[in-house]
Amino acid sequence: MIDLVNVSRLYHRGADEIHALERVSLHVPRQRFVALMGPSGSGKSTLLNVLAGLDRPNSGEVTVAGQRLNEMSEDELAAFRAHTVGFVFQFFNLIPVLNAVENVELPLLLTHLSRAERRQRAETALRVVGLADRADHRPRELSGGEQQRVAIARSIVTDAELIVADEPTGDLDAKNAEEILSLLQTLKRDFGKTVVIVTHDPRAEKWVDEVIHLDKGVLLETRPGGAARGGAA
Amino acid sequence: MALPLSYSWRSMLARGTRTAFTVAVIALVVIATTLFWSLIGSLKRTLVSSGSPHNLVVMRKGATNDGSSQLSLDAYQTIRFFEGIARDSAGNPLVSPELVVQPFFHTAGGTRENVLVRGVEPVALEVHDEVKISEGRMIHPSSGEAVVGRIVSKRYKGASLGSELRFGNANWKVVGILDAGGSSFESEVWVDARELANNAKRPLPYSGFRIRVAPDADMDALARRIADDPRWALEATREIDYYKQLSSTANTLYIIVAGLAVLAGIGAIFGATNNMYAAVQARTSEIGTLRALGFSRGAILSAFLAESVMTAAFAFAIGAAISWLLAIAISAALGGIGFASQTFTTNVVVLRVAPQDLFMPLALSVLIGVFGGLAPAAAAARLRPVDALRKA
Amino acid sequence: MKYLPLVWRNLGRNPLRSLLTAAAIALAIALVCILRTMPAGMDAILASAAANTRISTHNEAGIVYSMPYAYLAKVRAVPGVVAAISWNWFGGAIDITKGVEFPNFAVDPDGIAEVYADWGLDPKVFEDFRKYRDAALVGHITLEKHRWKVGDVVTLQSTVFPVSLSFRIVGAVPTSTPAFYFQREYLAQALAAAGVTFDTTGMIWSRVDDPDRVGPVMRQIDEMFRNSEAITATETEKSFIGNFFSGLKQLVTIIQIVAALVTLCIVFIAANTASMSIRERVGEIAILKAIGFRKQTIFSTLLAEAGLLALVAGIAGAATAFGLLKALRVFASGAGPQLGPLTAFVVSYTILVQAIFISFFIGILSGWVPALGASRRSVAQTLREVF
């Protein structure tokens, strides 16, 4: 599903040069739940951005779902993301002036579906995450956990193959965090998605198939996660 | 305990772009208002500065201006010997009989304007003592000569010193320039009264006259005597009152401009309020900190209000400076603004921003600052320290 | 457009700010409308005079200089002149202490119907004007101002002639002229009784049969009197009125400068709000781009937001101007000669509609840079900075 070969990413912050990724090679097969972990500044978020088509590497090859991302233009990457990737972020996930179902509908505006079809798909997605009864609530009327679930609903509404989440449980308490991780695992198991998350949270280990460790832009090790060992299911 | 003014001043400068936008809006309102206000002010100053406090204007009863008056010769001959009229060193009464005609003149740009041409006798310069010949000399009678006001010499074709000026289908030699301290006389041309009467085919050489009242005489009594005389239907007005009345129609203009300025001001208030609300929003945690430290609600209110007023005052200063320069530039480019006066002649006004013209724009700016900042400042003051800190 | 709900909702994100911005822009637009209608009153009068074939003849020295009345017969005889009448300024006042409140003229009844055919008056009115020696035709503006009606008897005391005359109003002139016209012969008889000779005229107005002949006819008239004692200057009515208003041109320039300054104001108000509201949403915009929205789409929706707000504000402003203009017309009618037709404050629908478009355009213009900047921000960089 995901193939990175010798990917490097370097950017400038002020006068400094940050080597975010140093010749990282990585392979993630389909229908896997993977966690990218590492200390602050390890490059895990940059890695996520690169494989999601949000950022282009300075060198190396990136192939996702059979498409070579490093050769694409900005518009092609946008189209790629629209069709192939679903996003869940730590903050600012939802547009505050839209209610839950409208937020979930957002990616469908990029398609040619009719209004009725869009609405129907969005409601279905909300049902999957268990928030069908909150469809007309605005984000400020939802708890942190509920907001993340709406974001997850949005990420699956276009039938994207790849779901990426950057610190999805970062702002949540223990109970909500477990719910979100469980939901993400469901997406992989029951919906056949490939899910890649970036997280600090050690609790995530027991939910994922594989844990990839990074530090200072270098891939240190890959080891199986709790789910692969037959942990929490 | 109040917050120091430097807090407000520095906060204002901290968000440079946002403040700059608000300053621009208020400054533009100030410039627009000042330009209009000083336009009318310049007009009024020109008219009001005309006229001597010692003179009376005598015209036909009911003539609102000396351009529409007529006068019989014997009225002039009789009245000039009335008591209370000043005399010159030779004992001649200081009474200036005059004829007002409004011929076409052409500006350098080809525009046609009516100009007030005053037919006078040599005594005119003594009666109108604020009018002086600054260059050249006064006209000689029956010589086809003219003296022109300073503004006239610059505005119309052939009106400069030494040139041949054509009006009334005749040529007149410009032999002198009149300087009248910026009053409306500088928009006039003076020629020999009888020559003018001949040229305009007037049966009578004079349409009215101006009287210099003797220093110790009762001016009002003299005016009453002239008006009450049953032989002729005349009226006499103090010269300064005569010009003040001509300028009174400008008062309606003041009200219209004031109204438009208020409209613009309200718009600017909305803009300023917008700006201040954003400031409050951005500094919620800062306010919380200040309140936690012990600054009272009143202190917060005053600080934000001060910031709003300072922004407006700063904008006023910039706007006033630009207006002042713009007025000079416009005057230079347009060469004086022509206003139609009640005499159907052109009163040329030089647009200048005088200090008194700035009072209204200043008041407007302060109001914008106060009302613009009031609601946001109150909102800031109402924040509870705990809420404010939590929002951070 | 399917993005319209999103655009509209975004304006409701901070309703107070949107309202304040809209109010500020609306007031500025109202001001621009009012300012622009000032010269419009003048232009309207000029435009209505543009097409007709009426020409004026006056003494070259000025209209306060007279011409011999005998000129009228000579002008009537010029080929191409359909009809001609003379005007003499009567300077009549209702109350001598108040002075002249409206222009009034002694004119020839023979020919007035042809010269002023565009007044659209019933031929019977012109007939009455000719029939009754003391008849008067009065501009409807003056009639309304003094609450006179057809059939009333009015007395005016002249400020230039030693006579006072009573007139019977036989008709109202529907155009914008406030003038009061009566028969020359009536004045001539009164002056004869007072022992005053009356053989001059101030102006001659003629109707030319063909627009193409206007130029040659005018030249011929002036040529006729070139060597006489009163040299004439003949010009079209439009030129005459234009010259009359020429003194106002500079004032109009200043009005236009002020209007431009106020328009600039609107740009700043709109730009301030656009940049504030867009800057707040940097993170959100990054998410939208992440999901797959192209930068052109983001740019358009942000721009549409600024444009929509300005458009709504423009409509509100034009409506406000409409109401204010009506009030100003009543108030400013006594503004005196300084401004003349500039204070007519006519409501011009063209100007109001233009103002709405200007407002929309300004909204787009001022939102351009912030929207462009926001749409172009790199998603990865934003995520790095914000998170």
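Letters are used for the chains, namely A, B and C, taken in the order the chains are written, and counting of residues starts over at 1 for each.
Keep this in mind: contacts are C-beta pairs under 8 Å (C-beta built on N, C-alpha and C of every residue); 3 or more make two chains touch, one makes a residue touch a chain.
Model, not experiment: these values are computed from the prediction.
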Relative to chain C, chain with the most remote C-alpha centre: A
Per-chain Cα centre nearest the global Cα centre, belonging to chain: C
Result of counting contacting C-beta pairs for A-C and B-C, higher pair: B-C
Distance between chain centroids, defined by C-alpha means - chain A, chain B (Å): 71
Whole-Å gap separating chain B and chain C, where each centre is the average of the chain's CA atoms: 25
Centre-of-Cα separation between chain C and chain A, whole angstrom: 65
Chain C - residues contacting chain A, complex: 2-3, 5-6, 9-10, 12-13, 283-284, 286-295, 378-381, 383-384, 386-387
Interface residues, chain B side, partner chain C - complex: 17-18, 21-22, 24-25, 28-29, 31-32, 35-36, 39, 43, 60-64, 68, 70, 101-104, 111-114, 167-169, 199-201, 249-250, 252-253, 255-256, 259-260, 263-264, 266-268, 270-271, 273-275, 277-278, 330, 334, 337-342, 344, 346, 351
Contact footprint of chain B on chain C as seen in their complex: 16-17, 20-21, 23-28, 30-31, 34-35, 59-62, 64-66, 91, 93, 96-100, 157, 159-160, 200, 230-231, 243, 246-251, 253-254, 257-258, 261-262, 264-265, 268-269, 271-273, 275-276, 324, 328, 331-332, 334-340, 343
Chain C-facing residues of chain A, complex: 11, 45-46, 49, 52, 54-55, 74-75, 78-83, 85, 87, 89-93, 95-98, 102, 106-107, 109-110, 115, 154, 166-167
